[in-house]
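Paired with chain B in one complex and with chain C in the other, chain A is shared by the two complexes that follow.
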Partner chain A sequence: MRTFKLYAALVGAGLRGEAQYRGNLLVMLVAGMAYQGIGLAFVWVVVDRFGAIGGWTLGEVFFLYALRLTAHGLWVVPFSQLNQLDLVVREGEFDRYLVRPLNPLVQVLTRRVGLMQAGDLVGGLLLLAYATTIVDVDWSPGAVGFLLLAVVGGALVEVAVQLGLSGLTFRLLSTRMLRIQVDSVFGTFGNYPLKIFPSVARFLFTIVLPMAFVAYFPASVLLDRTGELAVPSWFAYGSPLVGAALFTLAYLFWSRQTSHYTSSGH
Partner chain B sequence: MTVVRAHDLVKEFRRPKRFTGAFGGLRTLLTRQYTTTRAVDGVSFDIEAGELVGYLGPNGAGKSTTIKMLTGILVPTSGQVEVAGVVPWKERERNARHIGVVFGQRSQLWWDLPLRDSFRLIGKLYDVPREQYHPNLERFTELLDMADFLDTPVRQLSLGQRMRGDLAAAMLYNPRILYLDEPTIGLDVVAKERMRAFVAELNRDEGTTVILTTHDLDDVERLCSRIVLIDHGRVLYDGEVAALKARYAPYREVMVHLAHPDEATAVEVPHAERARAEDGKVWLRFDPETVQVADVIAAVLARHQVSDLAIIEPELEGVIHQIYAQRSVISARE
Partner chain C sequence: MSRPTPKAVLEAYGAIARVNAGSALAYRADYVVGILGLLVQVFLLRMVWEAVYADRGSVDGVDLSTTIAYATLATVQYWLSNPWNFSVIPQRVREGKIAIDLSRPVSFLGQVVAGQVGTTAALAPFALVAVPFTVLVGGAQPPPSVGAGLAYVVSLGLAYVITILLSSLVGLSTFWTLEVGGFFMIYRMVSQFLAGALVPLWFMPDWLRTVAEVLPFQAATYTPLAVYLGRLAGPDLAAALIVQAGWIVLLWLVLRLVWSRALHRVVVQGG
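So, the complex of A and B:
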């Protein structure tokens, strides 16, 4: 409870700080949405050319894309500062977070507010709202509930991977490129139905990089396509839980890695 | 009561071995060989509540590394450390409530916000109750003369103003122990003096234990009664400043400016030797154990006309310089 209050206070401070640069604020928001718009245009061109991908209609792929983007937007907004962890660790800024009575991760995450990332979330939510109207799904309370859980679970899966990798920063000092690469794998392949990939890739994207849990599995459940999955259907229904479990593991790993922090200078 | 206890503290840093020459960069990247440096090599000391200790050493001696282990930032390679009954790196959040930390080279204030906002956030972070927060802020604002820039964004503050802000932020929650790492670096004379006066007052009035690392020996002369001197990660000296001076600079000097410059070489005083003579000035060196200042001066005045006169105390700087040059361990408090 105390942590949440402090989190809110620090985010508030971050926002007031960003508000000092109003021009930047607006440009960042627009840039974030434009960047995602290009991604969507690409998917649209592909589907438009081929009519459907792996049996998924344009509307269904669109829904998958929106689900992925919303989950992505949901974690990149609060976790945007994970991107700066290399800098925070290498330049010794992390010192400060270790001598204050608050979880160091919370302090890293609130050092600034991710505005460009807010563009991802807003874009994702708008698309998702639209996508739910063009797919053939009966939006019963259960379906809506699963959709919400799936978005949160998907966000947790992605953030778990990023958090786990960033934990290595305390030893390796630089993991930014690694994280960007992994994020771009999620952003590139996560927008398509997994079944169009060869089986090796399907295995990799399910077990090694648990990308399938972000959007593909939950979308299969909602679109009633679990029958075509290579895994049992309870696997797909359980995706939100997978997110929660992976996130817990990643957080524990990250916390343990902080003891390898070497600060800067002597 | 002992508040800070360090016993046989060691910190080693391990880095991949560096290669030079053809493909050196690649070999450095792939090697499994490591070089280990021992930044702190078996440091022990106890600090009592209310002490004001100077922790000194040349660049790279291991000062900051020790401070980082005391504050819980670094995990020691071996040895024990305990601060106010807490092992800092094991219980960081509990430890954080006992300590205030000022890093001279790095601010803890919120860059884009008015100074007042940083104080408010620090107050929240440390759960400072209202009835403690307001009197503290008022008092520090007055002592550090911050009223004029409380509402200025931190990025627009001068270095001296920012350091005052940092010092106030570190003390807002009345920690028992204050670590100051180079607090006066880059400050002008007036700003330095204001910082020192504030630290001295906190130490005197609230009994705050202060551990100070600095390269400015004026800070030490002004504030510290005890110093711990380290080099190459080992303690060279731990004891009183006065005792160190007595040991390394047992002599005092009297400088006399003669009215008749040509008499300079003729000045003879029993138990004092002529250390230097130039431009009609003579420096007489004597051991205060065998002869008193008054007698030396009287002896000079009896035979010569003197236009000016000064008694020169040994400076800590010269003493420390000697010790670094010798680099030998002095057994403490003998």
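So, the complex of A and C:
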């Protein structure tokens, strides 16, 4: 509870700082949307011209894309500062976080507010709101509930992978490029029905890099397409639980890794 | 002070290009990772095109292998000519080094162009290493004729000049607003799409294709690729090359105009 209060206070301070530059705030939001929007523009032009991809209609692909982007936005806004972790560790900034009476991870995350990342979340929510109206889904309370759980679960899957890799920074000192590449794999392949990829890639994106749990499996459930999955359908229904489990593991791993931190000495 | 001789000017630009190539090479580990990203992108494009073509032989008169060849070449070509730091100007202004640049006896725009050519030269070997792998992951085909191959070289040269002019023009916006990160991102994404770097113009809906055709970006990426694949030949080819040359003249004039305005807005930080 105390941690949460401090977190809110630190984020508030960051926001007030950024609000000093309102023009930039808007530009950064649009920039974040543009970065994610180019992939959407590609899918849209291609599927519009060809009619479908792997049997999925344009509306269904939009829905999948929206689910992925919203889950992505949901983790990347609060966790944007993981991007700077290499710097924090190498410059010895982490020293400060260890002596202050607050969880070091919370202190890393509240260094600055991720403005461009907020564009991902806003763009994702807008697209999701639109996509839910064009897909053929009966939005019963159960379906809406699963959608909400799926978005949170998807965010947890992605953040678990990123947090786990970040933990390695304390030993390797430099994991940023690796994390960016992994993130871009999620951001490119994760927006397509997994069935269009060869079976090796499908296996990798389910077991090694649990990308399928972010959006493809939950979208298959909601679009009533679990029949075409290469895995049993309870796999897809359990996606939100996978997110929660992976995040717990990743956090434990990160916490253990922090003990390997050695200050840069100054 | 007398004006420097043309030879001295060229030597100065050469030195600037070498310095920029050197600093670009300092990040060679990033390029190696960047090549991996390039391969991933090419692979994804191939999978997507294979999935949408399914059993169709050709769409709009273009078969699957031509489309994959386009996607592969476009990705490599775009990567080589549009590095993430596509303009050196923001860094020079932010660090106050613009003061030194302006006091040099050669034009600032010339220095910017030389710097960008240097960066491309440093990247080129990485692109050459990447080509066989991208062809393996994606696909390629030779140009349909020797003439198309030669015309491609000419068109690619013109396209590169257009890219440099556009990058410099966008870079000059730093003189109006120091915080250019967001603006550069928007420019990069919109221009990349309208350049045909992801989807060839022939698959775009009519209205979007019209928008792309009246803008200069397609002349920097799509045109040389369409020439290479033999989609532009005969009178169409001549027209496309003239359009490219026209953009070079126009963009050069705009760049001169914007630069003369920018010069009055120089802010030297920490100087």
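Keep in mind that, in the parts below, the second predicted complex is superposed on the first by the 264 of 266 C-alpha atoms of A that agree within 3 Å, B and C clash if a C-alpha of one lies under 4 Å from a C-alpha of the other, contacts with A are read in each partner's own complex, and residues count from 1 in each chain.
Following the convention adopted for this analysis, a residue touches a chain if its C-beta (ideal position, glycine included) is under 8 Å from a C-beta of that chain, and two chains touch if they have at least 3 such contacts.
Remember, it's a predicted structure, so these values are computed and weren't measured experimentally.
J.: State whether chain B and chain C clash or fit side by side on chain A once the two structures are superposed.
T.: fit
J.: Between chain B (first) and chain C (second), which does A:L6 come into contact with in this model arrangement: first, second, both, or neither?
T.: first
J.: For A:R96, is the partner it touches chain B (first), chain C (second), both, or none of the two (neither)?
T.: first
J.: Given the touch rule stated above, what does A:V76 touch, chain B (first), chain C (second), both, or neither?
T.: Neither: A:V76 stays clear of chain B and chain C.
J.: Mind telling me which of the two, chain B or chain C, contacts the most residues of chain A?
T.: Larger number of chain A residues touched: C.
J.: How many degrees, to the nearest 10, separate the directions from chain A's C-alpha centre towards those of chain B and chain C?
T.: 90
J.: Given the touch rule stated above, what does A:A155 touch, chain B (first), chain C (second), both, or neither?
T.: neither
J.: So, does A:Y261 touch the first partner chain B, the second partner chain C, both, or neither?
T.: In the superposed model, A:Y261 contacts chain B only, not chain C.
J.: Rounded to the nearest angstrom, what is the minimum C-alpha distance from chain B to chain C in the superposition?
T.: Here the least C-alpha separation of chain B and chain C stands at 11 Å.
J.: Identify the overlap between the chain B-contacting and the chain C-contacting residues of chain A.
T.: Common interface on chain A, chain B vs chain C: nothing in common.
J.: Give every residue of chain C touching chain A within the complex, in rising order.
T.: Result: residues 29-30, 33, 36-37, 40-41, 44, 47-53, 56, 59, 179, 181-183, 185-186, 189-190, 192-193, 198-199, 203-205, 208 of chain C touch chain A.
J.: For the complex, give me every residue of chain B touching chain A.
T.: Going by the criterion above, the answer is residues 13, 39, 60, 62-65, 68, 71-75, 89, 92-97, 99, 101, 103, 106, 108, 110-113, 117, 121, 124-127, 153.
J.: Sort out for me which residues of chain A touch chain B in the complex.
T.: Those residues of chain A that touch chain B are 2, 5-6, 9-10, 13, 16-18, 20, 92-93, 95-96, 98-102, 104, 259, 261-263, 265-266.
J.: Please output the residues of chain A touching chain C within their complex, sorted ascending.
T.: 21, 24, 27-28, 30-32, 34-35, 37-38, 41-42, 45-50, 52-54, 116, 177-178, 181, 184-185, 188-189, 192, 196-198, 201
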